[in-house]
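Structures for review follow.
Next, two complexes with chain A in common: one pairs it with chain B, the other with chain C.
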Partner chain A sequence: MKKYFPYIALAFLTVIPLLELNSYLMHILILVVMWSVIGMAWNLLSGYCGQVSFGHAAFFGVGAYTSGMLYAKLGISGWWGVPASIVVVTLFALVIGYICLRLRGPYFALATLSIGVILRIVVENLVQVTGGDLGIMIRERSWIEKTWFYYIILAIAAFSYLLVKKIIGSKLGYYFVAIREDQDAAESLGINTTLYKTIALCLSAVITGFAGAFYTNYMGYIDPKVVFALHDISIIAIMVVMVGGVATFSGPIVGAIIMVVLAEAIRSIPMLGTAHHTFFGILLIVIIIFLPNGIVGDFLKLKRLVGLARRPS
Partner chain B sequence: MSSVQTEVLLQTLISGLLLGGLYALIGIGMTIIMGVMKIINLAHGELMMVGMYIAYVLFSAFHLDPYLSILVAAPVLFLLGVALQKFLINPVMNVDSILPENQVILTVGIGMVLANLATIIFQSDYRQTPVSYGTKAWYLRDLWKHSPIELSLSMPWSVSFAFAVAITGGLWFFLTRTDMGKSIRATAQDNDAALLMGVNVGKMRVITFGLGSALVGAAGCLFIPIYYIYPDIGGQFTLISFVITILGGLGSTVGAIIGGLILGLFESLTATYIGMGWAPVGRFVIFVAVLIFIPGGIASLLKSRKLGK
Partner chain C sequence: MSFLEVKKVSRFFGGLAAIKDVSFEVRKGEILGLIGPNGAGKTTIFNVVNGFYHPSQGNVFFKDLKISGLKPYQICRRGIARTFQVVKPLQRMSVLDNVVTSAFLRAKDKRQAVEIAHDSLRFTGLYDDRDVISRGLPLGKRKRLEIARALATQPEVLLLDESFAGLNPTELDESIGIIRKIKNRGITIMIIEHHMKVIMAISDRIVVLNYGEKIAEGTPLEIRSNPLVVEAYLGEAQSA
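Coming up: the complex of A and B.
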């Protein structure tokens, strides 16, 4: 049963548009799927390979801008950005990896954080190339209905899920986990840590880039402050995985559901609308103190906390 | 070089130096926390923002001079830091999880809460404390009539700089001449050895976090007469202090001072010669370059020089 659960969930998700939900609910659904894609990407690099990144907005933004620039400069459909982002994001990831992957732990985290900020400022300042703060607007919407957007992001999500699952089940995945657990030990066993960390970074970056390219086409407007946002992209990517469960397959999905629904719920309460970061922050603090491995990772602990689990006799 | 160009260059260097002095103070706060606790406090800028708002409130309610509000802001921030360390960070240090970076992510959460609470209380408007001496400056030509070039020295900037130097001096005295300061340095050098020598390491951690917060709170008060405030100002200063810490070498106070000055000068030069908007890029270029070429920071350079002799 458990083995087939992902397929059942996928089948269920495929038929959801037949319910003819209103467009707000579809929007939330699309956001949930998009965030689970970003979460899976972050999880691959940080959860499995142990390289905690604070700068996934960099890859998201590069993906988004690839799409936007193809539309704005070459005049072709922004959807070409999805395949094109593979090349562009990989190149960026290689450069970023070359600089950052020689660092470890918190240093890597902060180097990636600063890369995200550097990219934002560069895009803001290169007005002739990127349009600067004005951003890029996609004038023709591909579809009015959200159904096709939903299927596209769902396909990306399914692809990412399978990719992550395949990788983690393979030799590569074991290398990643070995690097996370002890980099020196991994190296002494003959694992080329730099190579495998770079592979993890590139894969993670490409998946995030997909989400970025999708975002451009879906929202129809991007600007550097939105797509390179530290708090609204990079940190939320971390939170999605932290809340859901680090180094679990379903963690990012659970986390994405919780984060998106929570964000929308808080925003819809009139008095508390501005306070959503406070709630996120408190949620993050509570999760780290009580469930450091997330809801999925510490499910048993959560049960025990709530008092549902049977006590061991 | 024409006299105008010289003027611009010298003026840039002066403002860079003054800015650097303030940066150094922010950086020291972070570097002692990092030295003792081995964690990166990503809520550092937000703590500074709290200090700035304390100064702002005191100014608008009681017309208290921002420089005097250090006396209020520093103790308040000390207590806040102690509370954060005791009730949030310490419990996490003992929880085991897959990712060891949990403490860093925790401080991000703290920073988010602080910044957002400030937005709720004060709205996201840009605010200022219009102090009477805000635009005063000293001019070189007033002192020396026939000076070939004209330079000015802004009064609030130089007063803030003087305060920063004084506070740094006080801190240096505390760290090198008092028992508690020595215990803190011992904890930073070697946790276990300090424990064996009878240093109450847990207490030192709490005090260090409080001290780091108090320093950055004081820096916030010094920034208030020359800067405007808004709730999200913290993030930018967190990054600045982190760059300084890396540049100076982790946990090295001297390194942080030199790093702060270098960063201030460099930023001021980029702002003048390349463009205002690019100043933050210059900051991070330094950061990345330091990480690649001198990963130990200035402290490692100083040390190798000393050992070489």
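Coming up: the complex of A and C.
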């Protein structure tokens, strides 16, 4: 039963549009799926391979701008950005990896944090190339039919899920976890740690880039402050996985549902403004103290906490 | 042709010479003991052979090819595996997964990796513990896990760094048995050990280090009666 759960979930998600939900609910659903894609990507690099990234907005943004620039400069459909982002984001990730993956632990995290910020500033200032702060407009935002967007991101999500699952069950996955647990031990077991960290980074970056390219096409408009945002992209990517469950398959999905719904709920509180980030901070503290492995990772503990499970006899 | 040769190797940390102009040879199929007081440079030698450190001077040759300067993973691929004095299990992985990870080095697919890992676990007597998360393993078994993991890379040379320290007498006997079995498989062993009874019993030859320099080399019998060694390390009681 448990084995088939992902397929059942996928089948269920496939028929959801038949319910003819209103446009707002579809929007939320699309965001949830998009965030689970980003979460799965972050999880691969940081959850499994242990290289904690605070800069996934960089890959999201590069993916988004690949789409945007193809449309703005070449005049072709922004959807070409999805395949094109594979090449662009990989090249970008290779450069980032070459610089940052020499660093370990917190130093790697800080380096990636700065990469995200640097990229935002670069894109803001390269006005001739990127349009600077004005961003890139693909179409006016209007009440568009959302079903196809939903299916596209769902396909990306299903692909990412299967990819991660396949990788983690293979030699790559073993090597990633070995590097996370002890890099020196991994190295002495014949694992070329630099190579495998780079592979993890590239895979993670490409998946994040898909989400970015999708975002451009879906929203119709991007600007540097949105797609390279530290607090709205990089940090939320971490939150999604931390809340859902680090190094679990379904953690990013659970995390995405909670984070997106929570973000919407908090935003609807009047007079709160940007203070909604405070809630995320508090949530993160609570999670780290009570459920360090996230909701999926600590599911049994969670059940016990709320008194649902029988006490172990 | 020499099998594994450490040739005039020095390694400096700042102004301090952790090892100074050390040369010795490991012959194929033998067990070479490496002894000396704390801080004599034994683990530094391992780190140089294994590639964690590059020698400041001198070279290490394996089957007449220079391996000093290579990375640890490249040296492991050439057939030199090691264990760590401070054990480094992949903590949140099961015992089996630990060994499967290292078995992937020679396996062509996962099925074969698991097969090699099972072999290696049976060989070291850890098969019944294969599903335990290695963080929960007692020290004695963690030390053996280090050996199992190193063996799964199917090495020609095995470097054992204090694999006996902190073991109780029963575990000690088990581990000695395992080392002998490894030797019978034709794997060459270089071993660092403080436990004199063990090292004298299993070593074919012994190299003694003191303050980073080699002060003696020879069979256990020769070493036991070498006045330099007695003075530097063994002490009067042992020699009597």
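Operating definition for what follows: the second predicted complex is superposed on the first by the 305 of 313 C-alpha atoms of A that agree within 3 Å, B and C clash if a C-alpha of one lies under 4 Å from a C-alpha of the other, contacts with A are read in each partner's own complex, and residues count from 1 in each chain.
Going forward, a contact is a pair of C-beta atoms (placed from the backbone, for glycine too) under 8 Å apart; a residue touches a chain by one contact, two chains touch by 3 or more.
The model shown is predicted, which means the values in this text are computed figures rather than measured ones.
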| item | value |
| --- | --- |
| Partner chain(s) touched by A:231 [first = chain B, second = chain C, both, neither] | first |
| Which superposed partner A:11 touches (first chain B, second chain C, both, neither) | neither |
| Touching partner for A:121 - first (chain B), second (chain C), both, neither | first |
| Partner contacting more residues of chain A (chain B vs chain C) | B |
| First, second, both or neither for A:184, with chain B first and chain C second | second |
| Partner chain in contact with A:261 - chain B first, chain C second, else both or neither | neither |
| Partner chain(s) touched by A:109 [first = chain B, second = chain C, both, neither] | first |
| Contacts of A:74 with chain B and chain C, given as first, second, both or neither | neither |
| First, second, both or neither for A:170, with chain B first and chain C second | second |
| Touched partner set for A:155, first chain B, second chain C, both or neither | neither |
| Complex contact set, residues of chain A against chain B | 46-47, 50, 52, 54, 99, 102-103, 105-107, 109-111, 113-115, 117-118, 121-122, 124-125, 180, 230-231, 235, 238, 242, 246-247, 274-278, 280-285, 288-289, 292-293, 297 |
| Complex contacts: residues of chain A adjacent to chain C | 169-171, 174-175, 177-178, 181-182, 184-193 |
| Of chain B, residues touching chain A in the complex | 39-40, 88, 91-92, 95-102, 104-106, 108-113, 115-117, 119-120, 235, 239, 242-243, 246, 275, 277-278, 280-281, 284-285, 287-288, 291-292, 295 |
| Touch list for chain C against partner chain A, complex | 50, 52, 71-74, 76-77, 81-82, 84, 88-93, 97, 100-102, 104-105, 110, 113, 149-150, 153 |
